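Consider the two complexes below, in which subunit A is the common component and subunit B and subunit C are the respective partners.
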Partner chain A sequence: MWSDLQPFFVLGIALGGVFAMSGVGLVVLYRTTGVLNLAYGGVGAMGALISWTMIDKGISGWIAYPGCILFCALVSLVYGTLFAPLISGRDSLTKTTATLGMLVIAIGLMQMIWGRNAHSITLPTSYWNYQIGEVRISWTQILGVVFPILITYGTVVFLKKSKVGTAMRSIANDREITAMLGVPVRRIESIAWVVSGVLCGIAALLLANLVSLDIVGLSFLVVPSLAAALIGQLNKIWVTLAAGFFIGILQSSFNTWPSVADYRGLTPFVLAIGALLVFGAGKNMVART
Partner chain B sequence: MGSKGGALATFMQTVSPKRLIVLVCLALFVLFVIPSQLGTRWMIIMTAVVIYSIVMLGLGLLIGRAGLVSICQFVLFAIGAWVALRINYLIQLPLPLNLLIAGIVTAIIGVLVGLPALRLSGLYLALVTLMAAGGGTLVLTRILFPNGGGGWTGQSIKGGVSSLLPRPMFALSDVAYYRYCVVIAMIMFLLATWQVRGRAGRAWAAIRQSEVTALAAGVNITFYKLWAFAIASFCAGIGGGLLAASRGGVSINQFPVQGSVQMLAVVLMGGVFNVWGAMVAAIFFKLVPELLLQWGLSTEWGTILFGVGLMQVLLTAPGGISDQLPKDLKKLWGLLLAVTIRRSKKTETPW
Partner chain C sequence: MTKTSRLSGSRRIGSLLALVAVASLGIAACGSSSSSSSDTAAPAVADTTAPVADAATGANLQAPGQCGMGTGTPATGEPIKLGGLATNVPGIDFTWITTMTGAYFKCVNDNGGINGRPIEYTAVDEQLDPTQIASIATKLIEEDKVLGLVGNTSIIDCSVNGAYYAEKGFYPIIAGVDQACFTSANFSAVNMGPYYSSLGGAQAALRAGAKGTMVIVSPNLPGYDLIDTGVTDFAKANGLKAIDVLEDVPFADPASLAQRLVKQAGPGGAVVLDFTGPVVLPLLQAIEQQGLIDSVIWASSTPPNDPSVSKELSAKWNGKFLVNAEMNVLDSGLPDQNHMEVIRAKYAPDLPSAAFTQFGYLAGRIATDALMSIKGDLTQESVNAAFKGIKNWKTDMFCKPWYYSSGAAGNVSNNSDITVAPKDGVWVKVEDCFDIAALPNNPLDAIRANEIANGLNVG
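Showing the complex of A and B:
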């Protein structure tokens, strides 16, 4: 039983790490700006496709992969500084629905430029493998586990100890009072957008390597990440991390049961709905308006 | 607050004779003039526009009247088609009866999806419906549409990729079926208008304004929220059944996962505060991609337009095109009149 489960467990934990890292990015952005960025995966997919195109044209991966991260950070910054402030006074639903507009634009652009076929990216770290028991583990999978833990620890320390982090927590508490105290709210929100964009780029590259570079698949990476963020009640970063790993392992483990393997993709949807029903009734979920 | 007959009488009283004449002329134009001018390909596209307008009518009602944002209307539309086909392969019923059953079953499923609305609102309800849309699309991609096979899915490899519902004898041709769909759409639009102008509409307005106040005024919030979901899903079910009987039938390719978000975008663009917005939305959704193809452009420009339009609507025109356009035209008319009057005053020679 365990020998059948092993390869899926390893893949699942790496996937879960990516979901967790994206979930942390969503939470930090939501807490600072009140926006649940549903275009997260779409922007990441576009960045990954740009990297794929650069490598296809013969450009070195050392330029192409940071290019993806830079692109995602830039798009997030542009949206966060040009469009988001125009609706910053509106409710969370309106602000989140606007990101759906960005998602639709991203999907349209990607399908127009790259078509609907799946592509593939192989990070250099995927060529470095280790055999542990019956399972072959690549450095990409190890990165998928270690990176999110480091990112989460770094995020928690950053939010607690740094000036910008403290400002972000203050904005999350009350935006207007924070602005009255002289904190440059728009600049802090822009930083949150950039950080979210960077995490989005890294997650997209890892996921494109672990699964496939598929436009719709990557665009809807936001679903398991959102599920992780919702289980963490859009507030608890360590819980979001754990939830991300849990979702990845659970989803991947269903591969060992043929009767449900075809429906394993439902896992994040079901868990997200469950989290919303349990935590979203006004009392437990941290609401930003 | 009055019997059914009282509500119907109130509804008839609110339609002015001028408006009635305009509506009748529009109906005659849609039923007779349009088919006489268009070829087969455009008739099929116009039929799709009419069908989608029914689906978007339901979503517009849910968002604009009840204030409940749902992102799973597209999947409910697919479910309506699935139910209609499954019923047809089990027992061959006349199409109107098939549509009614599909509408009712889809309404029941829509109410189940809407149950979280009793505890959630705003963003979290929208997220629940988004998850339901994604999950529903995934399930449909696995089970596909019934095509005459056995089992509960009614799927068979021999049955072909697309599934078709048989049309009534008097609506076999494309033009006849188009007129059939237009008549159904008219009934659905009348039903929606009746609801909006009746007790349900007043209850939804009160709930949208303030649930606490509505509760204090004695409005049954639970019932009317679920009723809104039921009406919206009923529209989706009827639309799904009609789509299954349209040329080419239905296949899973017509329901991409991003369709749910695109449908929300066009409905908001079209306008959710009046029923005409649904027609504008359907024209955007079905006609714009065809026009782009006709002009040799990629249909993805339409997708990009929907995304830009959604962001613009949220920013500057929450009422959508159907709300904004008459106001803009009125402003333009006022401006033209002012300019004309100023010019005529200048040219008047003082004797």
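Showing the complex of A and C:
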């Protein structure tokens, strides 16, 4: 049994790690701004395609890959400073719906510019592989496990110990009071958008390598990340991390049984719905009006 | 003081989840789009050599830049309306075919049209909604009054609209997908479709030494379970175990999928893939990363025969991915292939040079030759009669001349083709023309008998 399950379990850990990292990025942004950024995957996909184009034109990966991260951070910053403030007084659902607009624009632009051909990214870390049983693990997959843990730890420490992190937690609690206390709320929110954008860019590069550089596929890989964030109640970062890993492992492990494998795509949805039912209406989730 | 209100968590988050689900569906099912081509672009490069184009005899050589009448003068008369439709959903984009068909018609229009009349081609995208595709067909035929349908490439068009087209006397020239396209006398495809193309891939895999189990993997979309029966029937007929796998596209976990397919095929087995190039590429790269290239024999239907795919494959794949190519290789250097490249570069530069582009080119060219052969008025009746009457239509892209109507139960005019494999970033021919296997559940035996009896594709 374990010998059949083992390769899928191992592969699922790396994938789940990237879901976890994306989920942490979503939670950090939500906690600070009240926005659940549904364009997370779309912006990341566009950044990854820009990297692909740069490499295709002969530009070194050492420039192209940071270029993806920079693009995602910039787009997030522009949205966060120009558009998000216009609806900052609205409820979370409205603010989240607005990010759908950004997603649709991103997908449309990507289809126009890159739509027809096949694209792929192979990070330099994918060329070093180790055999674990039947599975070959690359350094990219190892990074997909290590990065999220480090980033989550760093995020928790940042939120607890730093002035900016404290301000973010304060804004999450009550934006109006925080503003009245003289905290530069818009600047703090912009920082949250940038941090989220950076995580988006890193996740996009890893997912483009581990899954595919497909416009729609990569854009909608936000769904497992979203499921991880929802299981973490859009608030608990370590829970989000664990949930991301769990989703990846479970989804991949279903490949062990061909009769069940066909339904593994439902994994993030079922887990998210389950989390909602378990945590239920009686639990409080911090939100912003 | 404004209090931060506590969310009713499950309701709010439930709304957000519903929003995500609806958004996913909504973006995937964006409304149909249409494009038309009757504009007079810049005049084609003048070439005084008259085209040798005769649909009746099938000698179809044309000089580069020439199409149709080959006059070099834009057509300005009353437009001849033609229509087409193509599936366009995430993971499945068949608009390459209709776009290239439209490009060919633009070239025709720049070269005098059909006796001075330009072709006005309306190509509509469809999103696998039977109601939508039925309304598209009705609109094209009854409102837009198109005289014929060319380049249709849809997963469900033949099933949904076949009876309607028969009722209206339409004989579309298509690139078929749905098996219904090949079991009806009312359609004739320039390609052989995924059923026969996957079967060709399976044949190549068997010749390469596949034993034990043969796995066919295709998109989890309507009709593909039937499409896969060609491979499963062939495997069983040759003493192999057959497994049919339907996968959602794009793949959520290519590395895990690669491991699973290898386990299912077993040592010495074969896996026949049936996906478009952009979809299958991540799987191929995961297969390589996992060190699974030599674990089984990998084969495929036509769509990955696309330079953007071979370019992304490393040398480890050289000769190890057997792709059934329904047309001749893209770098054959032969006249029709070169002709296609010139037209593509001028009128559809965003399209890659790929198998789908070849389909669109041939559909447009066959239709044009048929239109040019009509003596008298161009009506829905005369146009469709001309389409249906095509035989012995030669091109260096096919193994044998093409014809519309086999006289048997369904048309599979392109039923012989080649195998290609990647080599150093390009596709090369590894097997020359071979006949796709006749099986008890396909009509190829009867079709080939009729070909001989009626001289439909004599060399």
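As a working rule, the second predicted complex is superposed on the first by the 279 of 289 C-alpha atoms of A that agree within 3 Å, B and C clash if a C-alpha of one lies under 4 Å from a C-alpha of the other, contacts with A are read in each partner's own complex, and residues count from 1 in each chain.
Heads up, the rule we're going with is that a residue touches a chain if its C-beta (ideal position, glycine included) is under 8 Å from a C-beta of that chain, and two chains touch if they have at least 3 such contacts.
The structure presented is a predicted model; accordingly, all values stated were derived computationally and were not measured.
Partners subunit B and subunit C, brought together by superposition on subunit A, clash.
When the two structures are aligned on the shared chain, A:204 is found in touch with neither subunit B nor subunit C. By the touch criterion defined above, A:195 lies against neither subunit B nor subunit C after alignment on the C-alpha atoms of chain A.
After overlaying the two complexes on the shared chain, residue contacts for A:143 are found with neither subunit B nor subunit C. Shared-chain residue A:87: touches subunit B; no touch with subunit C.
When both complexes are overlaid on chain A, the residue A:98 reaches subunit B alone and has no touch with subunit C.
Legend: residue contacts after superposition of the two complexes on their common chain; A:15 is shown touching subunit C, with no touch to subunit B. Shared-chain residue A:72: touches no atom of subunit B or subunit C.
Contacts of A:276 after superposition: both subunit B and subunit C are touched.
Contact comparison for subunit A: of subunit B and subunit C, C touches the greater number of residues. Touch criterion met: A:122 reaches subunit C, while subunit B stays clear of it. In the superposed three-chain arrangement, subunit B is struck by just one stretch of subunit C from 40-48, 202-210, 220-228 or 436-444, namely 220-228. Taken together, the two complexes place residues 36, 38, 92-93, 96-97, 100, 103-104, 107, 216, 220, 223, 226, 230, 262, 265, 269, 272-273, 276-277, 280-281, 285 of subunit A in contact with subunit B and also with subunit C. Within the complex formed with subunit B, the subunit A residues making contact are 36, 38, 83, 86-87, 90-94, 96-98, 100-109, 111-112, 216, 219-220, 223, 226, 230, 262-263, 265-266, 269-270, 272-273, 276-277, 280-282, 285.
Residues of subunit C touching subunit A in their complex: 1-17, 19-21, 23-24, 27-28, 90-91, 93, 96, 220, 243, 245-246, 248, 250-257, 259-260, 263-264, 277-279, 281-282, 285, 289-291, 306, 308-309, 312, 350-352. The residues of subunit B lying in touch with subunit A in their complex are 69, 116, 119-120, 122-124, 126-128, 130-132, 134-135, 138-139, 142, 256-258, 261-262, 264-265, 268, 298, 300-304, 306-311, 314-315. Within the complex formed with subunit C, the residues of subunit A that make contact are 4, 7-8, 11-12, 15, 36, 38, 92-93, 96-97, 100, 103-104, 107, 115-120, 122, 126, 129, 131, 134-136, 138, 173-177, 210-214, 216-217, 220-221, 223, 226, 230, 233-234, 251-252, 255, 258, 261-262, 264-265, 269, 272-273, 276-277, 279-281, 283-289.
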